[in-house]
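Look at the two complexes coming up: chain A is in both, with chain B in one and chain C in the other.
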Partner chain A sequence: MTAVARSFFAFLRKGIAVMLQYRGEIVLWAIWGLVNPAVSYALWSAAAESNADGTIAGFGRGEFAAYFFAMMIVGHLTQAWDTYEIGHLVRSGEMSPKLLRPILPIWEALAGNLSYKITTLAFVVPMWCLFAWLVRPTFDTSAWQLGLGLIAIVLGAVLNFVLNYVFALVAFWTPKLDAMGELYFGACMLWGGRFAPLDALPDILRWLSGLQPFKWMFAFPSELIMGRITDPSEAFRGLGIQLAWIAVSIVGFRALWSVAVKRYTAVSG
Partner chain B sequence: MARGLKLMWLFIRVSLQNLAAYRFDMYARIGMAFMHVGYELLGVWIIFNRTNEIRGWTVYHMLVLVGVFRMVAGGIRIIIVPNMRLLLQDIHNGKLDFVLLKPVNAQFLVSVREFVVWRFTDVLLGASVALYGCVKLTGTVSPEALLRFSVTLTAAFAIVYSVWLMLATACFWFVRIENIEMVFWNVFEAGRYPIVIYRPWVQGLLTFVIPLAFITTVPAAALSGEDSKIVPYAPVVATAAGVCMLLVSSWFWRFGLRRYSGASA
Partner chain C sequence: MRLPSCGCCAIAVRCRFWESRIDMPLIEVDNLSKTFRVPEREGGFLAAIRSVFNRRFRQVHAVRGVSFCVEPGEIVGFLGPNGAGKTTTLKMLSGLLHPTSGTATVLGDVPWRRHSEYLRRISMLMGQRSQLQWDLPALDSFMVHAAVYNIPKDQYRQRLDKLVEMLELGPVLKKQIRTLSLGERMKCEICVSLLHGPEVLFLDEPTIGVDITMQARIRDFIGDYNRRYGATIILTSHYMADVTALCKRVIVIDQGRILFDGQLEALSEKLAPFKVIAIDLDADTDGYDFAALGDVLAKEDRKVKLRVPKGAAASVTGRLLRELPVLDLTIEDPPIEDVIGRAFGGSSGVGPEEETSAAESQGGDR
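Coming up: the complex of A and B.
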């Protein structure tokens, strides 16, 4: 276990060094995570304003500001992108040396994920403050909601990372198909509540979103942080569901990984 | 001129042959195009399930806009994106020398070397959605609206092309920025919806500083005959903006080219 930890921290140091080298580029990537929730906020607050009572599903302008401000932070901290990357690694043969190491490649991917989030903080935190200052979100959050919300963000990040990696393993069978990344991303937008608060969805879609893991990565932490979940038992139940989905994802990863590695044939060298 | 067109036709034919070689890939991608439109229509349904209009834009106005957005996004990926990516690669590895040596205008040649033909699916799907919205809205598609639409859409493409050419040209100085196109996509994201959803100062910014309004909102409004509400004399202003951008970007390209010293490493 200590060997894994030592390798992991080595990967993390390497990852941060790489990210700092490409700081201009990672800022360009991070901007999308700011623009997208800002656009959604503009859309939904304008839509709410057009209604007679100025609200949609209990969200007024200030609540939409709080929701999408929380989503801006949660979306950045829980994001994962291996579905886009592994296909490329398999195609180019870069996966082969990773498989030879006595440590699972998922640890290196996790270190890369964390180093991106650590290095971009210096850029996104001021931007988050600027957005909050511009849109004046109405928060109704008590200390326990914030505390549990932070735990929910960590669990959401773990869940998204592992599940995204499981879906990425499809690349071992069809490395040319980039569709998986797009499908997963679309699911996060719609079922995760990044496009609209789940309470604003039509009933059938809201019901469908409850059956899937995506809302536990994005919508649940955001609603907890903005203070929309007022019942502590509901919050704890949510954390429990997050843990359950994480367990399912890890089991899925272990099962699929052993099959995928046997399936792997190196493409080029 | 005739030689330019012949050359372009040749590049289109080569692209078609490449496409025919990977047919399964093509079918998968066409399927994805349908999925994209499906997602966007779902988005419109979700919003208008909760409200009847957004600052004067009804569900049919929004369908026109979604259609136009898809047409522009598809059109950009047919010709602008692939050629500018190729240009960036050539600047990186010094192959641009081969382009400059050819006896054709270099800006023309770097802009027409590659076509992603299957992306026409996006344009067709987008056009269908936009026309459906327009017919629902005005009962018909009048020749005048169609003319205003064609003019403003052409201007939109001129603006987008100029922006991409300038971004690519910037790489003569900053060779390291491989993902410079993210600058464009990050801004383009805000054009997914009519600019009326933003606050007045943001609208001003997106019209006069970053001409995003001319790329999706103005053509969409032109199709339903309401473009003057967005920008007065929209077709004239849009054309002027397009021509200005083309001139500026072409000047910038020639300026950057003088700095290019060949990187045949």
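Coming up: the complex of A and C.
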């Protein structure tokens, strides 16, 4: 096993141990992740039903249920929150011990991200089932869509994690970074299709969302899983764009990291 | 082969013609400087508004042209008041800060390039920063450390057993870090810093905030570690006792400059030819002429503090005991800030040029 892999698994074991210490808190975070798509579903399905044909942009109640059910799962599995974390680490000086280790701190952050997702599975899976039972989503997913959808979730998670971390690096210049976290979260809500399916947005917004990475973290995997993307070539093109954005994010991380570390001055004395 | 560039290292270069090699100092610092740019404004609401439109910055010269060398196995004490530049220097040597100018090599590497091979060979312990996971037992953090530093299982077990024994850590290993006392936590911090067997140790106030017994234990341990493993150690501390117990050589830093670099005995002779005598009295002694015995540092109610020349400490003590109703009497070394302040005429009393020349004349013999 390579040094990075060994360290990563050690961080993962530690991360899970920490999460288990804070069972109550992580359950509350997980509930917040469930409430979000549930509320969006309630709003959009009510709006659709008030229309004469019972649909908005081709989404009926059952499709909205399927979309937000898929988004509930995708949103949980691809989320990242380092824009909220790193500012605190820099401000408090807790970043210093991490920088003294012979491994990039991003590996510990990635292990922390995964450990939250692993630990909360025992809680969120039953909740997902309950939500599905309540809203009866209309799925039309074939095996290839599900298979590619799972790959898209993994790629979306990697993309969101790396890009979020790149934005978080701004903390090395401006340690009070809470607003950056909010800005990033807002972008995920709107451009990622978490607030509304992108097809329900005005043309110009939909076009703009295609230029940004957020769609490929959330909307694309969700639409694939619910069976809305029917053309395999479109699915493969989406996976390719995800990979391209991941490559851009990694290049961005590598370029910014060394500059950010140079910039880091901690709390000097 | 590269020769050391700083003049103070000349003595460290030993040419052995029969071996045709040159021993290099382990740590070599040449003209290292660090300047921070910090925003500055007056207090008050209006000043806060003004600062939005007209932000003023001040240059803080934390370290100014510091040069020194450290030989393998040496323990060097950094002394100096708060804000002197001790921690900033250590942070540069450990790779946490980029200097504004100057060069340094440690173990043949430039620290701030942060090569992982370099980081594996050093350790920096910051008394005020924890590297342990707050919510988990120390053992969990130790295991993560072992994985990150790629310590083979047997070696980890062996070292951990040794460190646990030397630091008497047995009873606390399984307790959550946040439930430990400060002293217990500090011992765990020391343990984790040493698990990978660092060749160079930077200890930034390792005894801060812990009680006297624990300070002494930590001190003993550091000395023992140095003797057993030949590790090179740079230590900063506010406590003179840490330095006197551990370091033969001290570097005194004030306002970012080296004021003294040499043997500890020379420092004590030069800087602290005084003792502080503190007495508690049983009755009021109005009119007693304390000033005739030494400098009166403090006098309130029935407590008096006197500074007297070292040589006169015994006779003054005898006189005080004979002539006054003394309840309690202690003789101490003056606090380090006080010592340094007096010896160098106080931070404000010595101009930059004078400071430089002092550093050159005293540091030059190393």
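Heads up, the rule we're going with is that the second predicted complex is superposed on the first by the 265 of 269 C-alpha atoms of A that agree within 3 Å, B and C clash if a C-alpha of one lies under 4 Å from a C-alpha of the other, contacts with A are read in each partner's own complex, and residues count from 1 in each chain.
Quick note on the criterion: a residue touches a chain if its C-beta (ideal position, glycine included) is under 8 Å from a C-beta of that chain, and two chains touch if they have at least 3 such contacts.
Source: prediction; values computed, not measured.
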Contacts of A:M217 with chain B and chain C, given as first, second, both or neither: neither
Touched partner set for A:V158, first chain B, second chain C, both or neither: neither
First, second, both or neither for A:I225, with chain B first and chain C second: neither
First (chain B), second (chain C), both or neither touched by A:L201: first
Touched partner set for A:L89, first chain B, second chain C, both or neither: neither
Chain A contact footprint on chain B (complex, rising order): 25, 28, 32, 35, 39, 42-43, 45-47, 49-55, 174, 176-180, 182-183, 185-187, 189-190, 192-193, 196-199, 202
Footprint of chain A on chain C - complex, ascending: 34, 36, 62, 82-83, 86-88, 91, 94-98, 114, 116-117, 119-120, 123-124, 126, 129-131, 133, 135-136, 140-141, 143-144, 146-150
Contacting residues of chain A [partner chain B, same complex]: 24-25, 28-29, 31-32, 35-36, 39, 42-44, 46-51, 56-57, 176-177, 179, 182-183, 186, 189-190, 195-196, 200-202, 205
Residues of chain A touching chain C in the complex: 3, 6-7, 9-11, 13-14, 17-18, 21-22, 93-94, 96-97, 99-103, 261-262, 264-266, 268-269
